[in-house]
Structure formats: C-alpha cells, structure tokens
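Alright, structures below, take your time with them.
What follows is subunit A paired twice: with subunit B in the first complex and subunit C in the second.
Presenting the complex of A and B:
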C-alpha cells in the first residue's frame, strides 16, 4: 500500500438548521484515505457517518451548514472547488453507494435512463457507447440479465438487485475512491452476504480506494486496512484494523465491540448505557463523557486531543494523555 | 402502447357504474325535494287540468322506478326529456349552451395549467426566497378570492378603466357570428374562414377565462411547489447529484417529474369543477353558456334540465378522471402496471 494521500478530512464541523434550532452534528471530524486503501468507519446509528460521507461529495441536505473544516482531495479543498472541478470530482474520481438502494433510485425512471444520463454527462458519449458502458457495469455488479435490468424500473427489481445497480453506478469508469455507506444495512439477511462479497472482491480486484461505512463490525474487521470509530460527530479512535479490533483503547470502542453478539459466548452483550447525545445541546468536552465509566473532570471541559498510543493507532481520550 | 389503451378502456368501464349511480341519485333527488315541478312549470294561475297535463307529460304520475326506466329508454334515443323552463327538448338546450361553456373552460384550463406550472416551478426553484414568497402571496389571494370577484375586478380594470378587453358577450358589436356547425364558436369561425371573428371571440374569452382559472391555478401552483421542495431533499436527488448530473437537469427532470404526479390529480379535478364555478363568471360577462342555463333550470325546478346538468357535470368529472389517470400512469410507471 502506497502512502500517497488521496482524501484528507480536517476538523470538519457540520450542523443542520431545523425549526428547533441548529443541531451541531459533526464536531471536528478528521479522516484520511490513502491511494488504494480500504478504510472502515464504524459507529452507532446517528453518529454522523452519512453526514461525513455526503460532505465529501458536497451532496448534503439543503439545511446542512458546513461551519468549519477542510476536505482535501489530492491536495485540493473540495469545499472551495469551483463548479467544474466539483463536477469532475463527482463524475470521474469519487463514487458513492447509498445506504438505502430503494430511496436512492428515482422510482419514475428506468435504471437505464439514470445510467445513460450519468454516463453521458460524465463521458460525453453517444447513446450506443454509453449503453455498452452501462451494461458492462451491470455485468460487473453480477446482475444476471443486464439488458433486462437496464430496461427495468426500480420497482421491478428486488432490493438486492437495486443495490447491485447502485454498485454498478459506482463502478462506471475508473474511480479512485468508492464510498460505500452502509451498503447492506437495508438488505434482507440472505442478500447481505452476497452483496458484501461482491463489493469486497471488486474493491480488492480494482485496487481502488474504499471507505466502508458499516455497523457490521465483523465485515469491517475482515475487509479494511484501517478503521475509524465515530461517536456523536467525532472520530474518537482510529488505526490499523487489526490493532483497533484486538486492542480497542477508547471506552466507547471497547463497549461497541462488546456489543457484538458472540456466537460462541453464553451471555448477551450488555449494550452501552445511555444514548447518543442531543445534537442541539451536545455535552461539553468529550461528547462521550455522560456515558463513560471512567469519566475524569477534564473530560467535561475540553475535547481531548488525539494520542498515538501504539504505532499508527490513535485515540482521542484523556485516559491516554501523558 | 397497447397497455395504455387497455388501461384507458378499463378506466372507462369503471366510470359507467359511477355515472349510473349518479343519475339514479339525482333523478330521485330532483323528484322528492319540495316544490311541485308541474305546478311551477304551469305558473301560479294555471287551471288544475293544465297542471295535471304537465304532470302527466313529465310522467310524474307514474311510480319512480317507471319514470327512471322510461328516462333511460329515452336517453338511449338521445332524448333527455322536455324542459319546462325552455319549453323544448333538454337535448337541444345542452347542444345549444354546452359548447360555449366548454370552450370557455378549455381556455381557462389552459391558463390554469400554464399558470400553475409556471408559478409552481418558479416557487419550487427559488423555494424560501423572494420569488417563492411572491408566488405565495399571489396564491393566497388567488385561493381566497372567489372567481366572480375577479371577474368584476377585471371587468372594471381591464375593460372599463383601461379598455384592453371587451366587457361582456362573445362577439363585438357588428361582428357576424359564424354559421353554426359544431356549436363551438371558435371552431365554427375557423370553418367559415372568418379569422377576424376567431380573434374577436378569443378576445372576449380572455377575462372570463382568466377570472375562472385563478383559484385553481393558485392551488395547483402551491401543490407543485410543495412537491418540488419535498423531492429536492430526496435521496435519489442526492444520488444523481453525486454522479455529476448538472443541477439544471436534476431540477427539470429528476425533481420536476415526481412533483407533477400529485399536481396532475388535483388539476384534473379543478378543471372539471370549472363548469360548476363558471356560473357567476358567465353571468358577469354575459357569456351564453351552460352554467347560466344550469342555474335557471334549478330555480324553475325543471327536473329534466336539472338531471341533465348534473349528469353533464358528472360526465365532465369522469372524463377528467380518466385523463388524469392516464397522465399519471404515463408519468408514474408503477401505477399503470400494478393494476394489470
């Protein structure tokens, strides 16, 4: 794995304006992806994973406000890109697979219509060539009858097939980074494994940069090089996947890993007491402190700095401050 | 294509029982409501035998089911019965008055659709910004002010104070109406090659049609706008944006199309109800249409006229319904296919 940096998110703060006020969701997210690297992002529901991913392509909901931070793609700040640079990024460089394939495909358009539009605007091709490209992508996504899928409306396809269509979209052209935002969460249990295998083998085969957002910790552990743990809008721990999973440092990570039901174990996991904080009035200091068993005084005061505890394994927790 | 014809055919079949039901309902209502139609037709001073004769002529001396049966038989011969108000066949009345109204409604519908699309799309495109707020104010006024008030206002402002349009009627003074062929004066004018007359009629239609269209236009603009605002936040819009489709295409294709589906339904019904709403407007602009006829038959308790008027409105709704269903099925593939 080369060490050339592809994507670097620095101190990203994103909030949402709502009728109840502003919810301060992302609270200084830092995340790096190297060329060809597979990066996992884990964290419970509502921790801001999708918000982070959508920020990268600047496709946040219209009520989102990016308050602070930078997102560098190959050294250029995405947040300051002009229209044509941004379009180029979306068309050629980064692709994204959405959390729910059903809501991600416009129900009133055939799969082929959407694909052709995407290809035509990205590559300025004639219909014939564009269609060929689309069919090739559908075939790559292991869809059994690409011609038929191309000519179908999303409602005529099963959930698994819809997500394969979305994977096909992400495969069009030679991408440098594919973001998969919980690609299997909304699929039937029986389909999950198939789609996940497809995705991981494609990523391996193409040697493309990959951000794999998931709550399926086992799948993340097996399929990524490095992993980031997210809690309430902060990355609280990151490092090589092996190290983080075998030696979790942050009290939150420890609890999160405990939550995985161990098929061999006799006892049920205890879960984490409390719940993810209210983003309208987030806790001061470390956002995990109200739920933490080891809370110190300083945890309530300021956001802890990241510490490199072992080689390339970082944690943002006061327990590890020297 | 074949599928769509099958779909239309099915919708038509569905409509028939509805219309039969409506005809029975209005038939009974027109006969059981207080007021003796025969007496009203004969006048207060008529001798009793005249009243009885009219009663017999209207078959009011027969049981209700028998009246309905003969009414149906007559209907199949194109006869809607005798009008005690115009003293001739109701069929002739419908043929005489309906085309003028339909013509007016057609123009109002064009205004309605065009205006609603334009206002709705502008408001949706610039949601929560100045254009949206302006459209919102226009829409509130449009919805809350009844069409006859618009009629009076337009007449005052655009016909009297600033004489841009004629104040009333269908033809200017001195214009010779075209020979009656279809009853639609616009079409008849074209058939007769009287292009000046054609323009003259159009000119007379602008104010009443516009007054008539405003309420529905405002309402439908709001619906389109709401749809666009809702769809803008949909995940499928994020997806096409994520893949670099230009904003203008996203807006005019991936946001607009799903926003039109609910609007089409309401639009269709709004247009169908224009016939009912047209009465006051027709009265103000002295438009020789069906709505005026409609109110007169009701005031005179002309039972055959009442039944015919209600049925015509019902048929118009049915047609609007079918058109709406077809357009919606065309826009939304899930609808046409599911029912097969």
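Presenting the complex of A and C:
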C-alpha cells in the first residue's frame, strides 16, 4: 500500500499490578493508522480499548506495566522516547478527546484561560496571538459566539458545547493524530449527531489521522474508513468498515452486531452467554473460546493467528484457517 | 365493561421551584396506556420523560392535572396513596448501582416488597418466592441469593432490580432507561427478560428511553416528548414509517444505524441543529421552533395543539393543524 503509515502498534502486551495480583489486559494488540485515515475501535467495556489508547500517549496509570510490544509513531518507538520528545508529541502531534467533557475542563478557570495556558505553554506565543489562535479554534468547532464561550466558565456551557470546546482544544495547531475515546457517549442523540458530523468534517478538512473509540457501533460504522474489533485485550477482526459491518467474520463480532437493537425492529438477539473474562486468570488460547458456539480443540490451546479472508479484511479465528 | 386503558394521564403538570425560577419539567401533557401494552416514552435529557414516570409512580405529587390508574385517581401525594396501588405500580430505575442497598444481600433486597406488602409469612416462603423471581430474570438462585450488590456486574444488578419490581406481582411497571448504563450484549439479555416477563404477566408498562432502536423492539406505542411537551403519539410501526413532527424526524435522522435496511427508515433532508432550550424560560409558541427548519411566524406565537391526523396518530405541529 502506498499510504504513509502514521502509527503502528505491534504485539502490545499491557497489564496492571493490583493488590490481587497482575491483571493481563492487552494480549498482543496490533493496530495501524495511516496519514489522514479514520479508524474505528469497537468493543465492550473492559475490552482494553482505553488501555490501548493511553499506551499510545504513555499516559497509563502508574500501576500499569508494558510487558512487551512496540508503538511506532512515524517510525519512532514511543515506548523508548525520552521525556522531552514525549512532551513534544503530546503537545503538538497527538491529542486526545475524552468521554466526559465536564471532567476534562478545570471548573475553576474560564474556557479562555484554559485554552491560553495550553497554547502559550506549547507554542510559546504572546497573549494576543494565543487568543487569536484560541478564538479561531472555537470558531472552527462551530461554537456560536466564540467570544462569549472564551469568556465563560465550563459550567455555563451545555454538555454539547463543552465537548466542542474539547474538540477545539484537540485540534489546535497542526495535529497529526486525534484520539477520541467515546467522545459522544454522554451526549443526547441529536447533539451526538452534530458533534460527530463536526469531528468527521474537521478531520477530513485538516487531513489528520483519527482513532474513534466507541461502543456505539452504528456511529463508528457511519464515520470511519477502517475498523478494529476488540475483545478481552485482543484485536479479533479488522478491515474496511463497510465490509466488517456487512460481513462480520468472527463469532464475537457476529454476536455483538446481533445484540444491537435495529430500527427495523427485526430479530432481537438473546445476548452473548457468559461475561468478559477475569484478567487475573484469562482463558487460554483464544480468549473468546468459553463463550463461543463454534469452539474447536485448538482454540483452547493457542491464540489464533490472523487470516486475510477477503481483501484487507482480517480475522483472528481458527474457523477461517487454511 | 372494563376500560381498555390502564393508565390515563390528563393535562399533567409538574413544576419545580428553584432559586433561578420555576422549572416547567412537565407542562400539560396527556397520554393513555392500553392494558397489556408498552408505551415507549422517548425524548432527550430535559424533555420531562423521567419526571413523568416519577409522578406516575408517586415520587412527586403533580402540580396539577390528573392521573387515572384503572379509573382510580392517583394524583395524590405518595403518603396518601392506598397501599394496594403502591403494590400495583412499580418502577425500575436507570442506575442499578444506586438503587440497590449495598449492605443488603439479594434475598433481602428482592424480599423487602414481599414483606412490606405482607405477601409472605415465613422465612422459607420468602426464600422460595425470591428464588422463583430470580429464576425469572435468569439469575440462578443458588448463586445469587446471598450475594451483595458489590459482587454483581451491572447487568446482574439490573436483573435484581427487575426481580424486585415484579416481586409484588404488579400490573404496571415503569422502566426508566433500564439499560442505558449497560453494554449492548448485556442490554440484549435484560431486554429479553423484560419481554418474557411482560408476556408472562400480561404486564402493562411505560418504557422510558432515548434510544429509538431499542424502543422499536419493545413498545407498541410511542410518545415523543420535547421540553415538557408531547410532540407526537403513534403506534410504533406507523411512527417509523411516517414520522410527522419535525423534531421526531430530526431525532430519527440522528440515530446511527448498522444496516442499509435501517438507513432507508431515516428521514432525509433534515439534519440536527441547535440545542434544547431552557425549561425555566422555554421558547414562546412551539417550543421546538428555534431548531425547526420549517418554522413559520405562527410557530413563534401560538402553541400548537395535539391533533389526531389519522386514527391513533397524534401530532402537535402547525404544519399539520388547521391547514
């Protein structure tokens, strides 16, 4: 492929040390984002989506252990970067939008102050220029009356507006990669649609890479080029969004898609039996095998390798080997 | 002859006094729920859907208006409500973590309503009934009877709340976004048990949600609310084929979907714009007019009435009234 690779995660293993022992969360995650590409990551809570995203920026909690793996950003391994390189990465190259805009903005400062601090610190600009940059960013995020927003405390804004402020902050300067971790989960249906439309159009306009992490499968389907499906710390299936959603291959993906209620009111699923595994003692082999209806003997033994079933559509499942 | 409606809400108002002014959470709404059916109550945050549920179950007395349950007036404060009515109307809340007492075991949580309403006499009888209830929500009683909420997953907690709600054998249950805090695979399980219980007990219910796809699968009629008002009421299948109110269309067009088939059901030519107004100082006339692409002069001045445009399909919009 001719497209330039922006981010490449290779065989990432991450665990957490707790008083109950070590939990083995990420179990060999592989993920690639190209320049200007929109990538979705879907999975249920506890599947390791957020852990993966936090590893990219190295903002994992202090009890996390990166056991194995590499994360290349434009060819450089993030896991081996020095502190000043990392800061540069976080301040200018990659930014993250979190689920809850209320807790992402300091309630004691006005939006303008928050933005100015970040801009002045990252770009070493004077007040005037920094303010201009902030207002421009607010305007781009389709906030009506940027001057007023600049002069407001976060609590004076609605949830949707707060998330727009976070988007404005995330897109300041020349970003190359935006990580949005459940950016619309806390918002109302109509506001969700507005915020997602804004994000996709900004990402396209500025040609930045975008990782959209969400449990809202429909929203991911409509807004990304390629999608990765996570289950219990593994990427189990990936490919072009349309293909994965219209022709899901992994038994987990198939079940998960069935579980989503449809507007047509057809076929309501009975859910997936069992629950997500205990990470202190994860199942051997394919981590989905205790819940899988098609389980084979070899599924219990080793983690299945990925197979390309159709063009660029991969699945890590023994049913598709050979 | 018995009435075909189990619940009738007539001109219900619920205002809250706050230091910033009066919040008109529910402002003059009327709706009816047929016996043995589920009414879906849909709206965004601030639309008054939960408040409506809370008033029906008796958590707040109404400011004005009437609620008739099986033709008995229940619009009095909760203390004055007869005990048999409390038994007959139950509620399942959105957040199972905060609606279960963390210090009690599951047996006591589910058994409490049975004790309060003196439906069991001995401890053996109580355990037997609780075991049956737990089986109904697909929690094996031998595993769950003596556990505490902290040892349960989100879906299991919600299953316990449902078991508690049906313990007294109610004829009406209000579900207030029972699955919005859960993963989709767990949501599917919970919804399945709700559907089974509804069938088995011939339960009537009010199902409050913001998820239109979920509502499509569970209710037979839909009421759409916006800023304390009802904008549209319709049988579910008619509603999806022919949404009339511009707000309803905007809501439907905003739902992200998974298949091409669903894509066809989404209204075209309308996109989401603006944000919900303040319930303290709501917009004049039609409350949706600042966000409505079809707003005319009359929409700013006069509040539209809820009119029946075809049998069973009501809409409150000037586009459809007095044309």
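In this text, the second predicted complex is superposed on the first by the 316 of 322 C-alpha atoms of A that agree within 3 Å, B and C clash if a C-alpha of one lies under 4 Å from a C-alpha of the other, contacts with A are read in each partner's own complex, and residues count from 1 in each chain.
Following the convention adopted for this analysis, a contact is a pair of C-beta atoms (placed from the backbone, for glycine too) under 8 Å apart; a residue touches a chain by one contact, two chains touch by 3 or more.
Note that this is a predicted model, so its numbers are computed, not measured.
A.B. asks: Aligned on subunit A, subunit B and subunit C: do they clash or fit?
C.D. replies: fit
A.B. asks: Name the contact category of A:61: first (subunit B only), second (subunit C only), both, or neither.
C.D. replies: A:61: touches subunit B, not subunit C.
A.B. asks: Rounded to a multiple of 10, tell me what angle the C-alpha centres of subunit B and subunit C make at the one for subunit A, in degrees.
C.D. replies: That angle rounds to 80 degrees.
A.B. asks: Quick one: classify A:193 as touching subunit B (first), subunit C (second), both or neither.
C.D. replies: second
A.B. asks: Now for A:215: first (subunit B), second (subunit C), both, or neither, which partner does it touch?
C.D. replies: second
A.B. asks: Applying the touch criterion given at the start, work out whether A:75 contacts subunit B, subunit C, both or neither, answering first, second, both or neither.
C.D. replies: In the superposed model, A:75 contacts neither subunit B nor subunit C.
A.B. asks: Examine A:255 and indicate which partner it touches, taking first as subunit B and second as subunit C; both and neither are also allowed.
C.D. replies: After superposing on A, A:255 lies in contact with subunit C but is clear of subunit B.
A.B. asks: Tell me which touches more residues of subunit A here: subunit C or subunit B.
C.D. replies: Of subunit B and subunit C, more residues of subunit A lie in contact with C.
A.B. asks: Pick one for A:98: touches subunit B only (first), subunit C only (second), both, or neither.
C.D. replies: First partner only.
A.B. asks: Quick one: smallest Cα-Cα gap between subunit B and subunit C in the superposed arrangement, Å?
C.D. replies: Superposed on chain A, the two chains' closest C-alpha atoms are separated by 9 Å.
A.B. asks: Using the superposition on chain A as set up above, list the residues of subunit A that contact both subunit B and subunit C.
C.D. replies: none
A.B. asks: Using the touch rule from the top, collect the residues of subunit A that touch subunit B in their complex.
C.D. replies: 54, 57, 59, 61-62, 87-91, 95-96, 98, 100, 103-109, 114, 117-118, 121-122, 153, 155, 166, 169
A.B. asks: Tell me, which parts of subunit B touch subunit A in their complex?
C.D. replies: Result: residues 232-246, 249, 253-254, 257-258, 261, 331-334 of subunit B touch subunit A.
A.B. asks: Taking the complex as given, what residues does subunit C use to touch subunit A?
C.D. replies: Per the touch definition, subunit C meets subunit A at residues 44-45, 153, 155, 183-189, 191-192, 195, 210-214, 216-217, 236-237, 240, 250-259, 261-262, 265-266, 271-273, 275-276.
A.B. asks: Residue numbers of subunit A touching subunit C in their complex, please.
C.D. replies: Answer in residue numbers: 44-45, 158, 160-161, 188-194, 196-197, 215-219, 221-222, 245-246, 255-265, 268-272, 275.
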